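Which chain is which? They are A, B, C and D, in the order written, and residues in each are numbered from 1.
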Amino acid sequence: MALTIGIIGAGRIGKLHADNLRLIPQIRIKSVSDIATDHLKAWAIEKQIEVLTTEYQEILNDPEIEAVFICSPTNTHAAIIKEAAAAKKHIFCEKPVSFTVEETEEALAAVEKAGVKLQVGFNRRFDPNFRKVRQLVQDGEIGTPHMLRITSRDPQPPGVEYIKSSGGLFMDMTIHDFDMARYVMGSEVTEVSAYGTVLVDPVIGEAGDIDTAVISLKFANGALGVIENSRRAAYGYDQRLEVFGDRGAANVDNNRATNVEVSTVNHVAKEKPLYFFLERYTQAYIDEVTEFVSFIMNNQDVSCTGFDGLQAERIARAAKQSLETGLPVKLNQASPAAAN
Amino acid sequence: MALTIGIIGAGRIGKLHADNLRLIPQIRIKSVSDIATDHLKAWAIEKQIEVLTTEYQEILNDPEIEAVFICSPTNTHAAIIKEAAAAKKHIFCEKPVSFTVEETEEALAAVEKAGVKLQVGFNRRFDPNFRKVRQLVQDGEIGTPHMLRITSRDPQPPGVEYIKSSGGLFMDMTIHDFDMARYVMGSEVTEVSAYGTVLVDPVIGEAGDIDTAVISLKFANGALGVIENSRRAAYGYDQRLEVFGDRGAANVDNNRATNVEVSTVNHVAKEKPLYFFLERYTQAYIDEVTEFVSFIMNNQDVSCTGFDGLQAERIARAAKQSLETGLPVKLNQASPAAAN
Amino acid sequence: MALTIGIIGAGRIGKLHADNLRLIPQIRIKSVSDIATDHLKAWAIEKQIEVLTTEYQEILNDPEIEAVFICSPTNTHAAIIKEAAAAKKHIFCEKPVSFTVEETEEALAAVEKAGVKLQVGFNRRFDPNFRKVRQLVQDGEIGTPHMLRITSRDPQPPGVEYIKSSGGLFMDMTIHDFDMARYVMGSEVTEVSAYGTVLVDPVIGEAGDIDTAVISLKFANGALGVIENSRRAAYGYDQRLEVFGDRGAANVDNNRATNVEVSTVNHVAKEKPLYFFLERYTQAYIDEVTEFVSFIMNNQDVSCTGFDGLQAERIARAAKQSLETGLPVKLNQASPAAAN
Amino acid sequence: MALTIGIIGAGRIGKLHADNLRLIPQIRIKSVSDIATDHLKAWAIEKQIEVLTTEYQEILNDPEIEAVFICSPTNTHAAIIKEAAAAKKHIFCEKPVSFTVEETEEALAAVEKAGVKLQVGFNRRFDPNFRKVRQLVQDGEIGTPHMLRITSRDPQPPGVEYIKSSGGLFMDMTIHDFDMARYVMGSEVTEVSAYGTVLVDPVIGEAGDIDTAVISLKFANGALGVIENSRRAAYGYDQRLEVFGDRGAANVDNNRATNVEVSTVNHVAKEKPLYFFLERYTQAYIDEVTEFVSFIMNNQDVSCTGFDGLQAERIARAAKQSLETGLPVKLNQASPAAAN
């Protein structure tokens, strides 16, 4: 038994998924599309990719291909999802699904109509630390959740061109945290209140975005939450989390390359956190595509759905509105479905 | 050289201050007043206290007494401060100075007019952990501060009668965190946005208060902050803090009775945090009164002033208004003075 | 470019190496031998192994095969090394090379004469924690090493049948620690003094072995060392190490599956260490064979040699003699070569 | 009720005990003797000490004085103990009781004959960390003890003059660890095997002593142990301990002045250990004399006895013999009494 896959978009994340898919014996990566392919030829041979094309439609039209990975720029996601769904391909799509809730809703409708599966690329759900905290919460080990804190800081900001087309901090970066909030709490966000500012680099402000934020959350289960964001932490990628419940608290600290501790005349020092998402979430990225492949091949429901993508975008949109108005914003729960 | 002191109010905190003052050789605790004194007789003898009285005015009228500790209920603080100032006594007053900014302003005016010194009992400023973080910030060790987080949770809520007369969570409990925010950041709070709810005990809600809160802050220096509060943490008194700057971050963890770590078939466990403020801030309470005594005796300015008390109350009032209106509240900076 | 490999012995460790070799694109695992092969058929197909045989000589006689992995029982290692060397195969051999220094010396002589490469399976050298400590020592970050401590405890003892044929605690288990001592200190062991006893299970004593030991070491560079061993730690596989030098110390702690910390009414608990060598050294086992393959293909000297295997055995033999005589035992440095 | 005390020897440790005794309300420190007293006058006034004398016999002859603290040089301890016992004074004596087991035995015999109480100054027994580990062992929380490790390193060596009159590393420094071994394990040491060398400073070797040691122990209960010593740790006073039992392990880490952790572009750093014994054992020194005073006043047996002092000296002597002969040395258990 095997699964034949096509990858649309071979930038950093598309190539990462290809590498990880290669670790799964049953996978055939038949085709990869990108706007240019010359620079990909050696890589494609090494990865046993059979077809390189500049036309992603060639992938969608290939009857052998059963599932596609959409790793192209965000502003193309929704349209390609609709085409892929129409072509009856199962879909793995990078986050966010789109920049607008409406486009995402349209894409999800197309997916539902076609009866294909769609998994959204919230890789952090597959990190064993966060997964364990979710399990502790579900098992009642810390009682009823009262409070959530997510600390999420990048080691350095992206270039200003990326910033301009990113959809803004909340849609680009915090969207992971919004999804994580729903994931570990097992409850929907009902209200958001955002403080944001430019402290890292004025260029980011000139591009119309913020780089530092504190976002307060209310959850449907009555709990409160807060997310802390910065585009730049001097000490590296900061990915921590705490759920506080009435029977205890669960904390996730950063991962490090080694646990070596060095004592000198100055201090007792351990290593900085792993540098960035590729280092911190190496295994999570592998597990993410492994689960997708397994669920597709076994005709099971994927665990990180289009609805999850949509809900995170709704929170991001509300956060942006809160930032613009200076007021808390309630979310209209478009769907009664519980957080997955 | 010696300092003669009177203590007004001999409840838990008044007796604690007396015990700690006894550790300072130069101190004579001449008099203690309380609404009842019979139960205090044995204690007074042990502590070499010469006069027990039910009339605090007796203390204020005693020309030998140079300084008073006001440890009576909060609703009496402002009036006694005014009387003590008029009697030319130096004053150590427990927090908060009063329940209203106006009363506090009046009390401070009386203090200023009388030319006496007033120290407010923000004991946490004397904790070596927080003190070190403030120093790191001042020394630029973590660069320009961008973000502050204070986690402050009690091991259990006070009784409902206390809750009713406490002035509410923000004025009673969070006021320590509001002061800590100004202390470690070295910058005034300019805006506050509060989320609060009742998750610990419905009795607290029935008494008109909340027991769980997330409060976002803006600082005059452009930084953002967040305070997390709960009236009950199953694992004990949770007193942590993080300042994040553009060159790094400084973290305060909880203190424990021992650093013993036990590995068993189940887990690797360390002790819970020290139980509550008396255990966690034992040394801070000693240092607080030691510094007060030293500054009075050397005619120096105290380091935790009436203005600090006032500013914390202003933030508490703004937080309460934010909770009631559901909107962020800007602070009118009544005074241009910087945080001390 | 590729490397064709044969594996002699497909027990747990032989299969582990096969799995890890499969992750290296250039590797062809042509043949696997074992005393019985029926139970290996499905696995061999999955791993794309072409030949299954009960005669390891078939592997040695195959001119296509360039390198062999010797994963058969220890008492067969030396003889197979000699045959493999004669057949001009490069060799990866599990530890220990043999149960006697003399047999190992004979095997190494055969390897040298044949001009093939031999790597010994001291997998812990490839653990990033220990590797970093070695680097810190080499770089002088902790100054001149004065003292080494290795804590090495298994989660549970092997069965008594294994114990009987294991060569004893020092040759079977501590041999890893003896190699680690030379590896991180960069200096030869010159004297050993062993205390050993039976505290875990009397069955181990009845089988003529010990299960608990404290072994003191002297190094050629003047430093002292100590190894602590137990066949059973209730909390799991305990693999820690400290090098203490005149400018500081470097510590390796245990690795855990997650860094989640749970605070409850009882304590603040983190996870136990990873269970055993397969979990703790997953990546080390991969890196070990990856380096072997790379060094063979690039005609470089391997970094963990037959001499390293020999030296560890010499220390193990001296430790056993110390245990038996109750006296410290000096090592006769058969070779002037420095620890590698 | 009160206790009248005399202090013999007002060097660093004598003055420390005086300071700590001052914290106990019932204590009258009537007299202090030293070989010179001029430099002590201001201090004596501040501490309300009534008599300063160069003749310790004046203290022993004073019928008001009920208990004496012997804080003079070690070579005077035994003789003064005998005189003090004859004078019916209760005795607190600094460690070691003497430099020879025979002298100590004579002193203890005099104490027993006189029926006075004698407490030996093993201050570390009063550290809450070690105390907790002893309790865990006694309560069976980690099962039957199998192994003990004590890491004990000073931040810097004493001057060479002190070294010359110290009795050597084992009698001066390790003696604390020998006592700690008996204390936490609740079992006598039956054999000792010592490795020692000079790595810190050749001057120490020229003075006939060592500065670096690894000492293996066997206990009467069958457990093994190891003590690691250095006269100089670059990172400060290193006072750690681990007891490993069949149900788990208990670890003591170093104490630090604060728990602040600073993350920067280089690393994540915490503070060094507290500098030296005065900082690390501040509270232990207070608790030590507080317990002594309490036990004397309540006519209870002290918990750290002359026998404890004697046993530690026996182990130290055996360790020295082991170092000199290069052989393990068994202890002749002069007394069947169990470790206290």
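FYI, contacts are C-beta pairs under 8 Å (C-beta built on N, C-alpha and C of every residue); 3 or more make two chains touch, one makes a residue touch a chain.
Quick caveat, the model's predicted, so the values are computed rather than measured.
Shared contact partners of chain A and chain D are B, C. Across the two interfaces under comparison, B-C and B-D, the one joined by more C-beta contacts turns out to be B-D. Among the other chains, the CA centroid farthest from that of chain A is the one of D. Separating the centre of chain B from that of chain D, both taken as means of CA atoms, is a distance of 40 Å. Between the CA-based centres of chain C and chain D the separation comes to 42 Å, rounded to the whole angstrom. Distance between chain centres (mean CA atoms), chain B to chain C: 58 Å.
Contact with two or more other chains is made by residues 233-235, 247-249, 263-265 of chain A.
On the side of chain A, the complex with chain D involves touching residues 233-235, 263-273. For chain A in complex with chain B, the residues that touch the partner chain are 143-144, 146-147, 149, 151, 153, 193, 195, 197, 199-200, 212-214, 216, 218, 222-226, 228, 230, 232-235, 238, 244-249, 326-328. If you check the complex, the residues on chain B that touch chain D are 23, 25, 46, 128-129, 132-133, 136, 141-142, 247-255, 257-265.
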